[in-house]
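Going in written order, the chains are labelled A, B, C and D, and every chain counts its residues from 1.
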Amino acid sequence: MTTSRLEAFSDGVFAIAITLLVLDIHVPVPGSGDLANELAARWPSYAAYAISFMTIGVIWINHHIAIQRLGRVDHGVVVWNLLLLMTVGILPFTTSLMATYLREGEHLAAIVYGGSFLLMSLVFAATTRHILFTRPDLLTVDLDATSRRRILLRGLFGSLPYLLASALGLLSPYATLLVCGATAVFYALPTARADDEP
Amino acid sequence: MTTSRLEAFSDGVFAIAITLLVLDIHVPVPGSGDLANELAARWPSYAAYAISFMTIGVIWINHHIAIQRLGRVDHGVVVWNLLLLMTVGILPFTTSLMATYLREGEHLAAIVYGGSFLLMSLVFAATTRHILFTRPDLLTVDLDATSRRRILLRGLFGSLPYLLASALGLLSPYATLLVCGATAVFYALPTARADDEP
Amino acid sequence: MTTSRLEAFSDGVFAIAITLLVLDIHVPVPGSGDLANELAARWPSYAAYAISFMTIGVIWINHHIAIQRLGRVDHGVVVWNLLLLMTVGILPFTTSLMATYLREGEHLAAIVYGGSFLLMSLVFAATTRHILFTRPDLLTVDLDATSRRRILLRGLFGSLPYLLASALGLLSPYATLLVCGATAVFYALPTARADDEP
Amino acid sequence: MTTSRLEAFSDGVFAIAITLLVLDIHVPVPGSGDLANELAARWPSYAAYAISFMTIGVIWINHHIAIQRLGRVDHGVVVWNLLLLMTVGILPFTTSLMATYLREGEHLAAIVYGGSFLLMSLVFAATTRHILFTRPDLLTVDLDATSRRRILLRGLFGSLPYLLASALGLLSPYATLLVCGATAVFYALPTARADDEP
């Protein structure tokens, strides 16, 4: 399989998952109260939408960088990629769960939300590990052992905020949301990727 | 990142957001009244569908023109582009809000509807500004300072109808819908883009 | 704009509209009756799904043939194409309307269903007319006036079954469904396109 | 039609169907009980999501291999491909049906679930047969009669687990789910495709 078809299919799943997020923001039923109050009460939905949108966007960027290093893909890359997409595809559900239960103070919803990001980033790291250490022959760039270890470690470090976010869910769902949001903003900042190419 | 993958992903989000609009047009529940009356009563949904569809279509065309000028993209373009897609992705919600509350005479729904278009066009202008003034080295075409200012100003002028539409929501939601519709029709007319390439 | 980006965006809308059709087939609520009966009672949904799926598939094929003749596109082609996609995007709604009201004997639902196919095919013919008669300079193939008239007439002839299907809705919704289904099957048959390239 | 446009459109449908699966996992309504219990009770939804996701992923891989062998496509390939996509597009419905009725012990839901995979794989085999035996002139690779028969037989063998899964639905829906899951895992294993290229 060529990398371009893998990218096209993956782009499709990323684009659809990111756009389906909006379906979890519900229009208030007319007559259920003052519209301004009703819309304001939905702020967890808007926050969860924005944070999940940027998080999926960031993983999409990282996915592109990872695939770009490949000249072709083997069956293992395709399957790891499918598992990664499966963890991305579930995010509209965990986002909706988070938005629904934030104001209820439900710790479990926050743990699942942070946990779904953690799972996604761990599967991403596993995919990276498969490429860099099991099938380095698929790479178009020549990476020595140190570079490969550094790339993998950076991916694992990138999982830490989500581990923190999940753990903080035990204390407060708001803390989970805050850490996830701050992580998305951090990765979007210009300096975050200074030396990341390729 | 190549411009072609950025375009492919963005096209996916535009295409999905534009097609999800139909989910907000609900089939009347059998037994809830005369079908002709029920379907006729849904005219705000049809109008909002058509107007949002054409508006997303127009921003898609402008997006294409903006990306076409680029030889490659930097992290900033990718992030601005994600923010733009986030404002596009929210439109099925604001469209549904507008359609639901138009006949209720809800000023707030109209302000949010016009405001979501305004936000989208302002983020588009900010993306344009980033490309033309912060990273002109990414351009494949040679644009002097006058041309770049003219392109940016034209983008900002394009936001004015949505500012007007939002403000008119204070008077009447119908006025908001009318201005948004007229804007979409204007941009679709042949003469509107006479000198727009590139 | 290149034809390839127009195709990619259009393919996205076709693919999403065709796949959203499944959302109108609802799983029976547990406890609402014998599952076999409940599933059997949903046959209008399955029939409408299959017929709309094939009809969108056929218009997608025709769209490809029409775009293939173009070397580049002008603003008019892009706008006509958007209008065409708007008529495609509405089909999940009209399909759901048809499936919901078929067994109620609602003539109006059938007329709207057939009418939405008719509208789509008329906008397709209008797009063809714009390309062949207003902007023949965009074509990569050299078509004499006779060929162009023949292509346009064939497109208009292709609208007739949908005109018939809409009109038959006045008699019986089942007749509408039958004609739409027969039309989809006819276009899928090998002989139907014998001389259609290019 | 070029194979690349057929692939792009098909990729779109595969990507959308695979991502729509998440819509069948519902967030518990606040106040309906202990969240941990409510989430745990949804395990059939998670299992059905994962199994259907991997199954669609596997058929996507096989689809890619089949199309890759083609230099161009005829009307028959396009129509068979549409029929295949129609069987893929229905899977979010049958997956939701399975998830909803698993714990009810509904044999019929399991038979329909296994049956929808069986149908998909049979239409895939029919598409393969059309390509290899009716239009071998479309192939870019030279396959002798033995190779072609072997490819077709392998496709038919690949349908057997789904026949078994459907039949087991008569005994227990859990057995159906287990066989479908084991089949997806088997195809994802590295050894399963050892000699499958091209």
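Criterion: contacts are C-beta pairs under 8 Å (C-beta built on N, C-alpha and C of every residue); 3 or more make two chains touch, one makes a residue touch a chain.
Treat the numbers as computed from the prediction; the structure is a model and nothing was measured.
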Open item on the list: Going by average Cα coordinates, which chain is farthest removed from chain B?
Closed with: D
Open item on the list: For the two copies chain A and chain D, what rotation in degrees overlays their C-alpha atoms? Round to the nearest 5.
Closed with: 90
TODO: Tell me whether chain B and chain C, two copies of the same sequence, contact each other through the same residue numbers or different ones, using over half shared as the line for same.
DONE: different
TODO: Find the geometric centre of each of chain A and chain B from their Cα atoms only, then give the gap between the two centres in Å, rounded to an integer.
DONE: 26
TODO: Indicate the whole-number Å distance between the mean C-alpha point of chain B and the mean C-alpha point of chain D.
DONE: 37
Open item on the list: Counting only residues that touch at least two other chains, what does the list for chain A look like?
Closed with: 8, 12, 16, 20, 23
- [ ] State the interface residues of chain D toward chain A in the complex, per the touch definition above.
- [x] 7-8, 11-12, 14-16, 18-23, 25, 27, 30, 35-36, 39, 49-50, 53-54, 57, 60-61, 64-65, 68, 188, 190, 192-193
Open item on the list: With touch defined as at the start, can you tell me which chain B residues reach chain A in the complex?
Closed with: 1, 5, 8-9, 12-13, 16-17, 20, 23, 75-76, 78-79, 82, 85-86, 89-90, 92-93, 96-97, 100-101, 104, 106, 108-109, 112
